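Chain naming follows the written order as A, B, C, D, E and F, and within any one chain the residues start at number 1.
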Amino acid sequence: MQTHRAKRVEITIEAVMQSRLTEALQKAGVKGYTILPVYGGSGRSGEWNRSGQISRAHGMVQVICIIREERLDAMLEAAFAVVERHIGVVSVVDCNVLRAERF
Amino acid sequence: MQTHRAKRVEITIEAVMQSRLTEALQKAGVKGYTILPVYGGSGRSGEWNRSGQISRAHGMVQVICIIREERLDAMLEAAFAVVERHIGVVSVVDCNVLRAERF
Amino acid sequence: MQTHRAKRVEITIEAVMQSRLTEALQKAGVKGYTILPVYGGSGRSGEWNRSGQISRAHGMVQVICIIREERLDAMLEAAFAVVERHIGVVSVVDCNVLRAERF
Amino acid sequence: MSELFSLAGDNLLSPIILSFALGLFAALARSDLSIPEAVAKGLSIYLLFAIGFKGGASVADYGFDARLGFSLLAGVILSALLPLIAFALLRLMTGLSRLDAAAVAAHYGSISIVTFVAATSVLEGRGISSEGYMVAVAAAMEAPAILSALWLVTRGSGGDGRGMDSKLMREIMLNGSIVLLVGAFVIGWATGEDGLAEISSFIVAPFKGVLCLFLLDMGLVAGRGLRGGSGILRPGVLAFGVLMPLIGSGFGLAVGAMLGLSLGGVALLMVLSASASYIAVPAAMRVALPEANPSIYLTLSLGVTFPFNLTLGIPLYIAIAQTVIGG
Amino acid sequence: MSELFSLAGDNLLSPIILSFALGLFAALARSDLSIPEAVAKGLSIYLLFAIGFKGGASVADYGFDARLGFSLLAGVILSALLPLIAFALLRLMTGLSRLDAAAVAAHYGSISIVTFVAATSVLEGRGISSEGYMVAVAAAMEAPAILSALWLVTRGSGGDGRGMDSKLMREIMLNGSIVLLVGAFVIGWATGEDGLAEISSFIVAPFKGVLCLFLLDMGLVAGRGLRGGSGILRPGVLAFGVLMPLIGSGFGLAVGAMLGLSLGGVALLMVLSASASYIAVPAAMRVALPEANPSIYLTLSLGVTFPFNLTLGIPLYIAIAQTVIGG
Amino acid sequence: MSELFSLAGDNLLSPIILSFALGLFAALARSDLSIPEAVAKGLSIYLLFAIGFKGGASVADYGFDARLGFSLLAGVILSALLPLIAFALLRLMTGLSRLDAAAVAAHYGSISIVTFVAATSVLEGRGISSEGYMVAVAAAMEAPAILSALWLVTRGSGGDGRGMDSKLMREIMLNGSIVLLVGAFVIGWATGEDGLAEISSFIVAPFKGVLCLFLLDMGLVAGRGLRGGSGILRPGVLAFGVLMPLIGSGFGLAVGAMLGLSLGGVALLMVLSASASYIAVPAAMRVALPEANPSIYLTLSLGVTFPFNLTLGIPLYIAIAQTVIGG
């Protein structure tokens, strides 16, 4: 099938920062994203998991954003401005998409 | 370690279409897939998230399918036939897998 | 933006094996990982999903680990030692990350 | 009239309505108050189980009524016909496309079980009894409207194969809320008063409190929907969201009177006819008519008609039923 | 005999059993009715807490019994020995491999707490009291069967290091359901009648209703399992799923009578011996014996033995206990 | 004194405290016992709704008190001032950085609603009544502490723009627990005794039992936190976690006495002042002061101060209030 080159950006970020991140992405012209729940993890700030937690302070989400290559840089700048002072991980992968007109 | 080239296909689709999609994939010879819950997202049809929802009408899932390269096209055709009229995103990434005999 | 090459390893494994896997990863020098809940799936051992389940025997998780290329092999060895006798899938993708000092 | 206002006032000051209002307020003020999806589903399972069981137990208690069969049939017919009226009205009053109009129409033929539950608890509060099998009538009214709406679409498009297939048909008839409601009804019926006594401190005593939390959640969801979808609420669409329940309740009144139902039964049939689905029908529409815009039917059903029925509709329908049926 | 049938009939018509049947029906009919994982876990936490607490409070109330220590010991021995019998029987009756047979055997030595809970509520319904510490016996019977089964496997394979390690050992002994059951038992015991009075409108009054919803969920899960795993239910395997509980209950009867337990206590020990685990043991098997096929032991335990015990087994065991023990 | 010990002893043997201890034990023993996130959130929603509603209904019942306004104001002032004292103390007693000290200080100015709930239920158990509007005071004390702490930081850093913005301000003032608590209070107030009667078998009868399960969860979370964060508990920090609640309660006592609150009201104000937030404040700190180490403030608040207040603090504060206020 006809596919088109694009970038898949995956941002793992604290749940409290989610709305700030997605607002920044939208300002940077991102047209869509998908948010996955994260169950737990580990990093320099230690191990954690979600079970039994009631505070929004715990917990992260994963924001996945498929984007055309030419928009990538603007998007990464916007994302970085939000995650900069926070814990979290940003990774980018080359991908191919169906229905490229959507991105 | 010995790894083998394969494709990682990620299909974000409405939860109501999940069983139709996985049936189509199985008919197209897909041997396995993994389904991730999606917490929320945004796209041309607006922003949404799952909290408090009781209707299956809301909500999407992410179907991840690792597949040999030679089967990719048949699989994408099958997936596309299901997602065609629906909202959702299909992306493909090159990957390497352990235990290639499983795919 | 300045990004750095790395590997994104995705291990889909039974929930009962999660702590054994993450302990092995940490011994192999992995500095961080993120765990996603898995809703359901299908493979050689049949179809399953999480709804209504109360036993840990059912259910899988996805451990995502972003790692420098030079550490990949040690990590895959460690992961493989755990998943070897168990059901589950390991895939590796090339990626680029921000803030490379973290990996 | 003044009595009606005072009844509406009483109704507005019930914990149930105020909980809905709290949810609405929190969502519109963009508070992060939220109820987890799993908890909301758990609450809805509780309500369906409890209302079904109580209905069945009351049928077991008071015995069958020749009217049960006719009532079910009447429910099916109402559910199948109301979408045609809704569709005509929408095409007249609004600029919605055939597709969007049909999707909305399906919602108004079908029913909202929580509106039904709220009405039951208002009736109970006033000491008005009703036929236990109205729960079964509610279940019977869930699905036929969907078929009518799909027929409206296929007729219009010359039948391009879109819409219904056997898999969807099974999904609709066996959707979780119908199965649970009917199943609990049958269990309540089979175990009767004894069964009810065994579990009444679970399904009767805390019922209203659980309903409050559920309505809090519905307020949150409705408020979020209104925030996102308020753009689609042009005057014509908005007016439909209030007019259609009134029309529906009129049909419910007529049919209920013809069937010879009790005052409570007539009021409940009015409520069912007036209410719009927000669980079963939206899911079916996403499968069968994916091009129809979900924010139109969801905002109308949950953001306009549901609060209208909850606050003004229910006391109004009861008052009308009292006037017409007496009692 | 006819009395037995009438008791079984009564039992079959209880809301609890019918809720299980509803879940089973919904799953087999492929309805999308489902209970979220978090809600199912919440229900199971409630049940374990309530049953443990009530057991402890009743021990505090009626005082200790010299038999408590012996009963715990007997439970451990039963749990450790029953897998050997189950294993022999499986090798005889079915074509299962050593590994699969051992994994299944572990389930039948261990216990199903919800079967125990259901039996308690049947006994209560008939006004038959039982030793409060039977809850502790249930907890004591969870784990030993796993060790027996792993011993069967290592013995067979010449001990290839597979199976048990100290981490798994800790996981088994401290698995959530054991800790919660024993912990709640200790809390109930420490706070006694006063503690029970403080929270009885939470853990006593709504208990049966919660059990209904939980059994609805178990019906759904069992039904889905049967749909997927019915292929493995060859006649031999199926027969084992019914025969083994009968054998187990026989051992429970003998041991219970030897211990001098009350009628209710004997019946509960029969139920524990007859029931098969579906929480703790499957998880341990996935870790220790990943090559064993989970759909065999899950389908047998949850799809065959659990419904058998729930519907016919419990009234049968009680009737037998009544005949043997009197009372 | 000996009376105090016996009261503390009674308190320690309540199902509520023992449930917390069970959770703590399970986590420290690394049992896999866990309560799903959605269930824990559901329990907290129930508790906030119930406690708010009951407070409002009691205000409706006993009528307003001139002291309400003053009490709210006093709560705001206490919440704003206590962080300054906490900050000074932390800088004196511990080696924490300005940033970490400010973040911790914010927690101790704000309140822990579950500590408040536990205190309410101890008071009820002893038949000591209190002002219903103390719930509103609790809500008023949630947020001001955050502003004080951010002021401490910006003052120190010369105002680098860090910390507060209008979005965060709205998030804090409209955070879910404040909105639900205040909203339920208003509903309870508006519907009064009648409203309470309608739903009391949901929000009153099972309340204590639900609180047990919630404290079980808090024990699990606290235990996991202690396992991971025990490294940060150097003696100075640990001492602060016990000293600060004592100081806070002293301020609560003085202010409560000045306001002329009842014995129960004074005790509750002491509890509020002594308690440390673990819901609203941590979330605000992650947004505003992400560089502050969360394991310090979470371990202190949930792992040290919360159990201290729950076990020793509450009976102590009540005893002191009784000595000072009489009654």
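Going forward, contacts are C-beta pairs under 8 Å (C-beta built on N, C-alpha and C of every residue); 3 or more make two chains touch, one makes a residue touch a chain.
All values reported here derive from a predicted model rather than from experimental measurement.
Trainee: Return the chains common to the contact lists of subunit E and subunit F.
Mentor: Chains that touch both subunit E and subunit F, as defined above, are D.
Trainee: Walk from subunit C over to subunit F along touching chains and report the minimum step count.
Mentor: The distance in steps between these two chains is 2.
Trainee: Find the chain most remote from subunit A, comparing centres computed as mean CA coordinates.
Mentor: It is E whose centre lies farthest from that of subunit A.
Trainee: Where centres are the averaged C-alpha coordinates, which chain has the largest centre distance to subunit D?
Mentor: Farthest from subunit D by mean C-alpha position: C.
Trainee: So how far apart, in whole Å, are subunit A and subunit F when each is placed at the average of its C-alpha atoms?
Mentor: 34
Trainee: Distance between subunit D and subunit E based on Cα centroids, please, to the nearest Å.
Mentor: Each chain's C-alpha centroid was found; their separation is 41 Å.
Trainee: Subunit B: which residues touch two or more other chains?
Mentor: Only 36-37, 56, 93-94 qualify.
Trainee: Pull out every residue in subunit D that's touching 2 or more other chains.
Mentor: 32, 34-39, 41-42, 201, 205-206
Trainee: In graph terms, nodes being chains and edges touches, is this line, ring, star, complete or other?
Mentor: Its topology fits none of the listed shapes; call it other.
Trainee: For this entry, which pairs of chains touch?
Mentor: A-B, A-C, A-F, B-C, B-D, C-E, D-E, D-F, E-F
Trainee: Using the touch definition up top, name the residues of subunit B that touch subunit A in the complex.
Mentor: Checking each residue of subunit B against subunit A gives 10, 12, 36-44, 49, 60, 62, 73, 76-77, 80, 83, 89-94.
Trainee: Under the definition above, what is the set of subunit F residues touching subunit D in their complex?
Mentor: Contacts found on subunit F: 36-39, 41-42, 45-46, 49, 53, 170-171, 174-176, 179-180, 183-184, 186-187, 190-191, 195, 198-199, 201-203, 205-206.
Trainee: Please give the residue numbers of subunit B that touch subunit D in the complex, ascending.
Mentor: Within the complex, subunit B touches subunit D at residues 14, 16-17, 20, 45-48, 50-59, 85-87.
Trainee: Can you list the residues on subunit F that touch subunit E in the complex?
Mentor: Contacts found on subunit F: 13-15, 18-19, 22, 25-26, 29-39, 42, 125, 201, 205-210, 212-213, 216.
Trainee: Which residues of subunit F touch subunit A once you look at their complex with the stated criterion?
Mentor: Where subunit F meets subunit A, its residues are 34-37, 40-41, 44, 167, 217, 220-221, 228-229, 278-279, 282-283, 285-287, 290-291, 293-295, 298.
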